[in-house]
Amino acid sequence: MAEAKVRVVIVGGSGYTGLELLRLLIPHPRVEVVGVTSRQYQGKKVQQVFPSLGPSELIFINPAIEELVDEGEAVFTAVPHREAMEIVAGLQGKKELRIIDLSADFRLRQAETYQDWYGPHQAPELLAEAVYGLPEIYFSRIQQARLIGNPGCYPTSVILGLAPLLKAGAVQADGMVIDSKSGVSGAGRSLALGSLYCEVAEGFKAYKVGGEHRHIPEIEQELSLLAGRPLRVTFTPHLVPMSRGILSTMVLSPEKELTWKGVRDLFEDFYREAPFIRLVGEDDLPNTLRVRGSNYCEIGWRLDRRTGRLIVLSAIDNLVKGAAGQAIQNLNILLGWDQTLGLTQLPLYP
Amino acid sequence: MAEAKVRVVIVGGSGYTGLELLRLLIPHPRVEVVGVTSRQYQGKKVQQVFPSLGPSELIFINPAIEELVDEGEAVFTAVPHREAMEIVAGLQGKKELRIIDLSADFRLRQAETYQDWYGPHQAPELLAEAVYGLPEIYFSRIQQARLIGNPGCYPTSVILGLAPLLKAGAVQADGMVIDSKSGVSGAGRSLALGSLYCEVAEGFKAYKVGGEHRHIPEIEQELSLLAGRPLRVTFTPHLVPMSRGILSTMVLSPEKELTWKGVRDLFEDFYREAPFIRLVGEDDLPNTLRVRGSNYCEIGWRLDRRTGRLIVLSAIDNLVKGAAGQAIQNLNILLGWDQTLGLTQLPLYP
Amino acid sequence: MAEAKVRVVIVGGSGYTGLELLRLLIPHPRVEVVGVTSRQYQGKKVQQVFPSLGPSELIFINPAIEELVDEGEAVFTAVPHREAMEIVAGLQGKKELRIIDLSADFRLRQAETYQDWYGPHQAPELLAEAVYGLPEIYFSRIQQARLIGNPGCYPTSVILGLAPLLKAGAVQADGMVIDSKSGVSGAGRSLALGSLYCEVAEGFKAYKVGGEHRHIPEIEQELSLLAGRPLRVTFTPHLVPMSRGILSTMVLSPEKELTWKGVRDLFEDFYREAPFIRLVGEDDLPNTLRVRGSNYCEIGWRLDRRTGRLIVLSAIDNLVKGAAGQAIQNLNILLGWDQTLGLTQLPLYP
Amino acid sequence: MAEAKVRVVIVGGSGYTGLELLRLLIPHPRVEVVGVTSRQYQGKKVQQVFPSLGPSELIFINPAIEELVDEGEAVFTAVPHREAMEIVAGLQGKKELRIIDLSADFRLRQAETYQDWYGPHQAPELLAEAVYGLPEIYFSRIQQARLIGNPGCYPTSVILGLAPLLKAGAVQADGMVIDSKSGVSGAGRSLALGSLYCEVAEGFKAYKVGGEHRHIPEIEQELSLLAGRPLRVTFTPHLVPMSRGILSTMVLSPEKELTWKGVRDLFEDFYREAPFIRLVGEDDLPNTLRVRGSNYCEIGWRLDRRTGRLIVLSAIDNLVKGAAGQAIQNLNILLGWDQTLGLTQLPLYP
């Protein structure tokens, strides 16, 4: 523990992603959180807003972007999309600064795609430099990166469940049906009728059905690269009455005859060096509760002999592997540390 | 209210389906519950086992089947499959007795299909006589029926969401992907590790993935009849941390170009006389909480222009429209009453 | 059913209380809802805002108070306190109009007490006329009333659990300790951080501890009248991660030796004509789930021989017996109908 | 980390307490879990029964007690009461073995009290030696202990909230009213109707009301010692629809005039060296969600000027500070390590 700590700033620390970054970074052995910004809570103690974090000297600040540059050696931006690109652009003065952006602003490689789904991009020149921060696929590129576009929660669960199959050409790239279900924390900590306890508890529904969810271009971008050709997916997100977790159910058409064991081999091979991937056994299936609070991703699958389909299921904690945990995993990698540093908590079950 | 009441017996009244039958039948204006059986609670007062029902003279009994015949004019059998067929066979002595079986034993038309999924059928001669009790499709046959096979919860939600489309040939019969999610009451009131609060709350998982769920042959039987040709579906059930409700998400390939309004016309036409079907508007989607405690089925849909798919969603309360409510709707029909009698409670929201 | 229906208006119909009034009044056999007001949703269809209610011609309106007078024969005001007294005062032009106010504005008999807890009362002259609408105690006064102050949810649960004991002088009036726990719908449908699913689920806390909750003067007013002398209570409210329900735990000191059966006699005697009171048996205890969605109140008790205390527990659904159901019970009474009209739904369990 | 690890055995590792011990001990820097016993799962891999723990070589074993003695240097017994005392008695052959018993068998100092509540004690000679493992009170005795009676979950929450006040004579020892509420995991992982999701969710109830709960003698033993005289409490436990957490609400009568700050001083003084105690601020109150998954105990209080009462609230995670976490805290202390070793995880919120 005598090693020097890296000074880290969190920009936009008052949402659930900010809270989760703090929960994981405060006990991180190589990190010191030196600043947390929040427009809403400026001047308030962090421990007042988030008592679960315990006593802390941290106070929410709201500095100008230029001042931020001098604060830390690494920055996590956890602000809404469009705000993020402004801040990241404003931080370009300090070239050695590592930036991990948790918004959607640096996940898409094409400025046109960004424009189609979010509006015009303000810093398109940075898109080429940004690395898509999914370590199970882009480990070596992340090692060299200065700017990371941290993946979305749904895309993380979907891509991890499909990457080995598409890479191996084991399933058809066309016609994939993806049905994802997320806990409520995915909607953030802002006040919205649909996030009220009474509107969510004991109910279940889909939303943004019919190709409307903004995570679709991100999913398609990465799956197309894996498949080696452009593809489109039918993606339906759902809201589960629980706080954390995403389960994705993916119905695929094999390219050739597959066995459970054959699929296992593909996954094991692809994730040989991926410490956070947990392949479940032949008599088991993923469950979000079993990864809650952790950076793990459970993956399982079944063949349906009657219809010839392969069904793959993946489970993550949307706030950890789907956001803050993955962001820290990226930090660990680009600073040359063990990628699991500070991320070995076992899931909280029950 | 001066009209004579029909005397009704519930066989197997100590599970959640039995409780739900009692909740709906006790205040039913034309029904008198004259007997409720339970092996487990024999001799106990119903109000002790189910205090929510309030004061009642009813006591759980456990008579021989032959005695049951004399008890009532109509019988609901709410016992596990295989037990049900024995009881129903034993009730054949009284020909005027109306029987509504809530198990799987009289839903499948082919004894061989039953055998493949449940084991040998003990009363195959009754299968031809039994009517599949989905009133939105078989109303006139139910009117003439003596023995009803009350549909399963998943099949109810799926068939109601697909019937108008398959009947009209608007979607391809092959390759349909059905992702259903059920509340925990679907697993019944028996003691099982997987039904414990701590195993369910704040988690989400799929189960019986890969063509294993026994509701599949029932779904395929009815959808094949609607489509006019044999078909198979990829069906994946999931468990939601809530007590009641099923939402089914169905991804379909249109046979020709469809519009939201065109689909609406098909549904409106098909369900013109179906008082429990609620089609949601173009800016809305079904939600199980909005049908909780009621016999309604919400149906909505979206077209995904990017992939050319049609996504249909349906929501029911698995214990009402998916079990007890539908059984009473069937009773109403076969006794010549208004099918909504005793079933007009509005959903409990929140 | 050929009897003429009474025309009813709901003022402030867009919260959970308004929704619950609509859920219960729409199928009420003697009532026609002719108007529902909402500032927020003015011009919107009720079925759009509350799809669970099903198809309906009703549209949210926002008329001037004077116009309201002409709309109906009875009015439910379900707006925040202070707003309510303005509206009620404005409705005084039509003397035959029956008004049931669900806010706190007409529950307290003394304008000074109101002022201490809520601020100055704008219509103190109406306080003398208003009747506290707890039918189990004030049935005959409600029959004559024109203006009802519908009781608060916590007070309803507390007073129903204590009235027979205080009236009989069976317990000491001083030093009563009341610990109440409410579901989240008690906080209403407005946007507040503390009502978000993620802030509530899987947590439990007290709030307004130390004599701060505004239901205290209402509880003390009624308990003092029952005891025949002024008294004060220690009242601690808690928030339960559930949508509906209040359980109150009341720790009392008997004035003389009591037995379980002796207490039962007191309760049975007091509630002889109270159809919504359910006394639980000696081996049973109240549970909010067993009254959910219904107008019933479960009451149970235990003697602690080691400490000499009597512990009384009561359970209601805060939106029904604690608000909308009780309001309709009051309407039934003051219009001379059976008090249970439209309120005989059995609880939704599970 | 080069320091030798202590070899630890968990006896009865297949319940939620066993799972929680494993969750906390597997990553503990100074501990190696060398054995886990389970009658039910003998021969099964731990990772199959508890997939959330991840890959592990551990297999559930079921050895004779004598063999257990040789396995480890420290033993956690997490079996039901009465079974525990047999095992602990059987382990007496190895005098240097440290035993931390999580059952009720070694918490009570008097064999007669044990007999009154649980039946005859089989190893009364060990009661004198056993140390009550509440480190915030018995730190130095735990340092010397060989056998620890790990406190119950309710007693931990109650005693921590009252100790400073009783020790200082600040509140009356008589007449304390304690209302505690627990999550469902307190009922364990065994199959019971009352633990089913559908029986618990969206409901709230009390149980074992009237001086019936077996944690009462433990609470009274410790509070009497603190007060310096025998006392009795009125204790009412409740079941909350959540998996983890206990909140205790304690209504007290001050011996003299108290202020919020005065109480703060008492607590700060008493808990000066207690790293897991978190006193909440004057504008805040404890919440179980804010300690979930952690070994912390939040304590807050309010004075009710109207009734002269002091209300104290405490919140813990029943599986951590109320069971497994406290057991490990005890192990740390009796092995001379920092008491927070392996217990510094921040709570999981939300």
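Order as written gives the chain letters A, B, C and D; numbering starts at 1 within each chain.
Going forward, a residue touches a chain if its C-beta (ideal position, glycine included) is under 8 Å from a C-beta of that chain, and two chains touch if they have at least 3 such contacts.
Owing to the predicted nature of the structure, the values given are computational and were not obtained by experimental measurement.
Student: Sort out for me whether A-D or B-D is joined by the greater number of C-beta contact pairs.
Tutor: Taking the two pairs in turn, the one with more contacts turns out to be A-D.
Student: Report back the single chain whose CA centre is most distant from the CA centre of chain B.
Tutor: If we average the C-alpha coordinates per chain, D ends up farthest from chain B.
Student: Any idea how many Å lie between the Cα centroids of chain C and chain D?
Tutor: Roughly 39 Å, centre to centre.
Student: Roughly how far is chain A from chain D, centre to centre by C-alpha average, rounded to an integer in Å?
Tutor: Chain A and chain D have C-alpha centres separated by 36 Å.
Student: Taking each chain's centre as its mean C-alpha position, how far apart are chain B and chain D in Å?
Tutor: Distance between chain centres: 46 Å.
Student: Can you pull out the residues of chain B that are in contact with at least two other chains?
Tutor: Those would be 16, 185, 198-199, 201-202, 241-244, 287, 289-290, 292, 350.
Student: Draw the chains as points, connect those that touch, then say whether the picture is a line, ring, star, complete or other.
Tutor: Graph shape, chains as nodes and touching pairs as edges: complete.
Student: Under the definition above, what is the set of chain B residues touching chain C in their complex?
Tutor: Residue positions touching the partner: 16, 19, 23, 26-27, 48, 50-55, 185, 201-202, 243-244, 278, 280-281, 284, 287, 289-293, 296, 298, 344-350.
Student: Given the complex with chain A, which residues does chain B contribute to the contact?
Tutor: Listed in rising order, the residues of chain B that touch chain A are 175, 177, 179, 181, 183, 198-199, 201-207, 209-212, 216, 232-234, 236, 238, 240-245, 247, 249, 251, 285-290, 292, 302-307, 309, 311, 313, 315, 350.
Student: Can you name the residues of chain A that touch chain C in the complex?
Tutor: Within the complex, chain A touches chain C at residues 16, 184-185, 189, 191-193, 195-202, 241-243.
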